[in-house]
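These are the structures in question, set out in turn.
You will see chain A twice below: alongside chain B first, and alongside chain C after that.
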Partner chain A sequence: MSLLVDAVVLARKDIRVELRAGQAFGSAAALAGIALILIGLAVGPQPERLRSLAPAVVWIALLYAALAVAERLEQIDRSDEAFTGLWLVLTDRRSLFVGRVISLSVALFLLQLAIWVAATILLDLPVRPEYAGLVLVATFTSLAAASVIALVSAVVADADRRSLLVPVALLPLLVPTFIAGVQASTALLDGRSSDGLLWTGAAAVEAGLFIGVGLLAYESAARPD
Partner chain B sequence: MRAVSLNRGSTVSILARSVTKLFGETVAIWEMDLDARSGELISVLGGNGSGKSTLLKILAGTLAPTRGTVRTSGNPQPDRTIVGLVGHATHLFEDLTARENVELAAGLAHRRRDGALEQLEMLGVATHADRRVGDLSAGTRRRVGLARLLATDPDVILVDEPFAGLDNAAADRVAQALAVARDLGRLVVIATHDDQRSRSIATRSLILDRGRIHRTSPVGRLAPIGEGLAAG
Partner chain C sequence: MPMKARVSTFGLLAGTALAITTIVGLFVVPADAAQGDVQRIMYVHVPSAWLAYLAFLVTFVSSVLYLWRRELRFDRLAIAAAEIGLVLTGITIVTGAIWGKATWGKWWDWDPRLTTTAILFVVYAGYLLVRQSLGDRYRRARLAAVYGIVAFVNVPIVHFSVLWWRGLHQAPTVIRPGDPSIDHTLLFELLASLLSFTLVFIWALRRRTALEAGRDAADLTLGPGT
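Let's look at the complex of A and B:
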């Protein structure tokens, strides 16, 4: 119970810091907007083609956003050894991992919904009842991506070439989430709800797997030295 | 939620035995023994590179010794709920205010969060409570860092250079806060260059030289630092 309570306190700290600075969230949202406008201009008024491209565009923008937000939060933690201060004071250090998963999930969930709203407007996507399923897709894919990023960021936190290592290490691990997210949202845009649920389930399994690995490995992986 | 002065009847001890820390071939600490217990305030003196900061990190458990053991109240791993450290870094989040930083640490240590302002007042920085830490001077940040540590109410308080960068009035406040912690039964260990100020509050002093305890003495019988040592 203490783990969850502390994790929520830490997640609130992350969100408060990001809201106050607004750096990562703002740059990620701007990049997503630019990507959507450019793809709309490049493809032109071809609704079918735009609809088929939209999920991939949304997800590429979202992955960039995920990296930007995670990198910013890590920088904040490492500045003035604030992370060591948290490490020393916590009874259960796994709450650092769970807290980061919560804050990243919230950020990615909100970004994903915002990007979908922007995509619907900018790419003139038709609005269907199945779109409500995107909330479920956003929930589980955000959780999956957040758990992978939180774990990998902790493992390479003290590495010399961290900014290069993080995306390289994350790429293979995020591919399943990327595929599940693109396939689930494509299915929903096409009106195939059951396929959408299936791919959302795949993202949920990945989230469960990485949260489990994170709970087991985080303390030894993230120990500051 | 633990009350601030709970469980002070019990004694906390640190026992370090044959502790050695090597960085490559460089000796930071060599075969050091140390016994310390609640109610003591130990001042660790010595020149730059004498091993003071390394010793504190090993006692805090954030740095593993190359050889030897450190037991905190009999436990081979320093108990995270009773050991607190302020090193050269202050462990503060720059985008949070001083008060938010203190409350965050107190909350995570399951201590009273509403005592944040008291701690900041004791160290003379309450007027900065609602300012962003990134906008504070280095000296003020150090005091906020110490307030953050004291708000977590650890049984063992480890502070590296508590008086560095502070004017006399601020340094006196810090010395007073550490003395209060000592009198409340905490074990306090400070690493410092400020021999004179540390004498006024310490119960015992150790002088380190190249990772070894060069001299140890109850306060009042310690020769001025620098005799036979490179002070700095």
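Let's look at the complex of A and C:
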């Protein structure tokens, strides 16, 4: 019980810091917007092609935005020995992981929805009732991605060449979530609800798996020296 | 004192087995009726792919054991297996590309199996990079173990990708429900190749683990980085 209570307090701390400073979400959203525009420019004025590429475009934009969010949240925790303080105070340190997963999930969920809205306008996507399923896709993929990001960010927190290492270490590990997200949203955009549900289920399984691994391994990954 | 290059009996056995299966695969076993001689590359491609999976499994299990027992011998096994797995994944990709050029007419295709195998290569390259970027020996072992566990989640996805999505890569021909869809002579040579590759894999794993143990011993007596 204390684990969840502490985790919610920590997540609220992350969200409150973000609401006051607005740096992580703002820079991530800007990065996602730039990615969206660049890919649109690269493909050119071909509406059909852009529409078929939309799920991949959205997810590539989201992955880069996720890197920015992860980097910022980790910086806040590691500055001024704040993380060491939290480490010493908490009785169950897994709450650090769960708290980070909650705050990252909220950020990624909102980012994903914002990117979808932008993509719908910029790529001229037809609005269908199946779009509602994207909320479910965003929920589970955000949870899965947040778990991997929280864990890997802790692993590389004090590494040399950290800024270079984060994308190299993180992006390949986000591929399962990327695949599930792209496949689920492609199916939903094509009106194939049952396929969309199947891939959403895959994202849910991934989320469960990564959260389980995180709960078992986070303490080993995050322990300050 | 100069180090003597010593080949163990096991190494000799593994090398001989590899030489025999190579000769049999190239000159004794008949060519595939449909694909011709290019199919012979499968005697390298398939064992490399399977053993790469095994290597990454060894890294995963050793990583779990390291976090549980905190003994450096498990970390040495994890790094040795990851390096060998990375080399085997590289061989899988290169031999697959050569076979693909002869059969599909192109070196590369964005087929799910090919793509995810390439991603697997990048994941374990990332594992080695993470290790290199961490200074203290025990800290490196601990953090690499966590990364090694998360990385392994990708391995089953690579294997099952062929079943989940339709692509150019053929479905499993040996491990599948019912009889293997491969001629029995060719299957025998494939399994013999797998055995000889496995022997070489075990030999390389032992050698690489011993090298890492020597490095640890040198660090302990002479200081890190010597």
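Here is the rule we go by: the second predicted complex is superposed on the first by the 213 of 225 C-alpha atoms of A that agree within 3 Å, B and C clash if a C-alpha of one lies under 4 Å from a C-alpha of the other, contacts with A are read in each partner's own complex, and residues count from 1 in each chain.
Operating definition for what follows: a residue touches a chain if its C-beta (ideal position, glycine included) is under 8 Å from a C-beta of that chain, and two chains touch if they have at least 3 such contacts.
Please read all numbers here as calculations on a predicted model, not as lab measurements.
Q: Does the superposition put A:Ala221 against chain B (first), chain C (second), both, or neither?
A: A:Ala221 sits against chain C, while chain B stays out of touch.
Q: Examine A:Phe210 and indicate which partner it touches, taking first as chain B and second as chain C; both and neither are also allowed.
A: So A:Phe210 only meets chain C here.
Q: Counting only touches as set out at the top, which of chain B and chain C does A:Leu90 meet: first, second, both, neither?
A: In the superposed model, A:Leu90 contacts chain B only, not chain C.
Q: Could you look at A:Val175 and tell me whether it touches chain B, chain C, both or neither (first, second, both, neither)?
A: A:Val175: touches chain C, not chain B.
Q: Let me test your reading of the model: by the given contact rule, A:Ala30 touches which partner, first (chain B), second (chain C), both or neither?
A: neither
Q: Which partner chains sit in contact with A:Arg161 here, chain B, chain C, both or neither? Use first/second/both/neither.
A: Only chain C is touched by A:Arg161; chain B is not.
Q: Residues of chain A that sit at the chain B interface in one complex and at the chain C interface in the other, please.
A: Touching chain B and chain C on chain A: residues 225.
Q: Going by the contact rule at the top, pick out the chain B residues touching chain A in the complex.
A: Residues 60-64, 80-81, 83-85, 87, 89-96, 100, 104-105, 107-110, 148, 152 of chain B touch chain A in their complex.
Q: Where on chain A is chain B touching in the complex?
A: Of all residues in chain A, those touching chain B are 2, 6, 9-10, 13, 16-17, 20-21, 76, 79-82, 84-91, 93, 224-225.
Q: Please give the residue numbers of chain C that touch chain A in the complex, ascending.
A: Touch residues, chain C against chain A: 67, 116, 119, 122-123, 125-126, 129-130, 133-136, 139, 142-143, 145-147, 149-151, 153-154, 157.
Q: Once bound in the complex, which stretches of chain A touch chain C?
A: Going through chain A, the ones touching chain C are 148, 151-152, 154-156, 158-162, 165, 168-169, 172-173, 175-176, 179, 209-210, 213, 217, 220-221, 223, 225.
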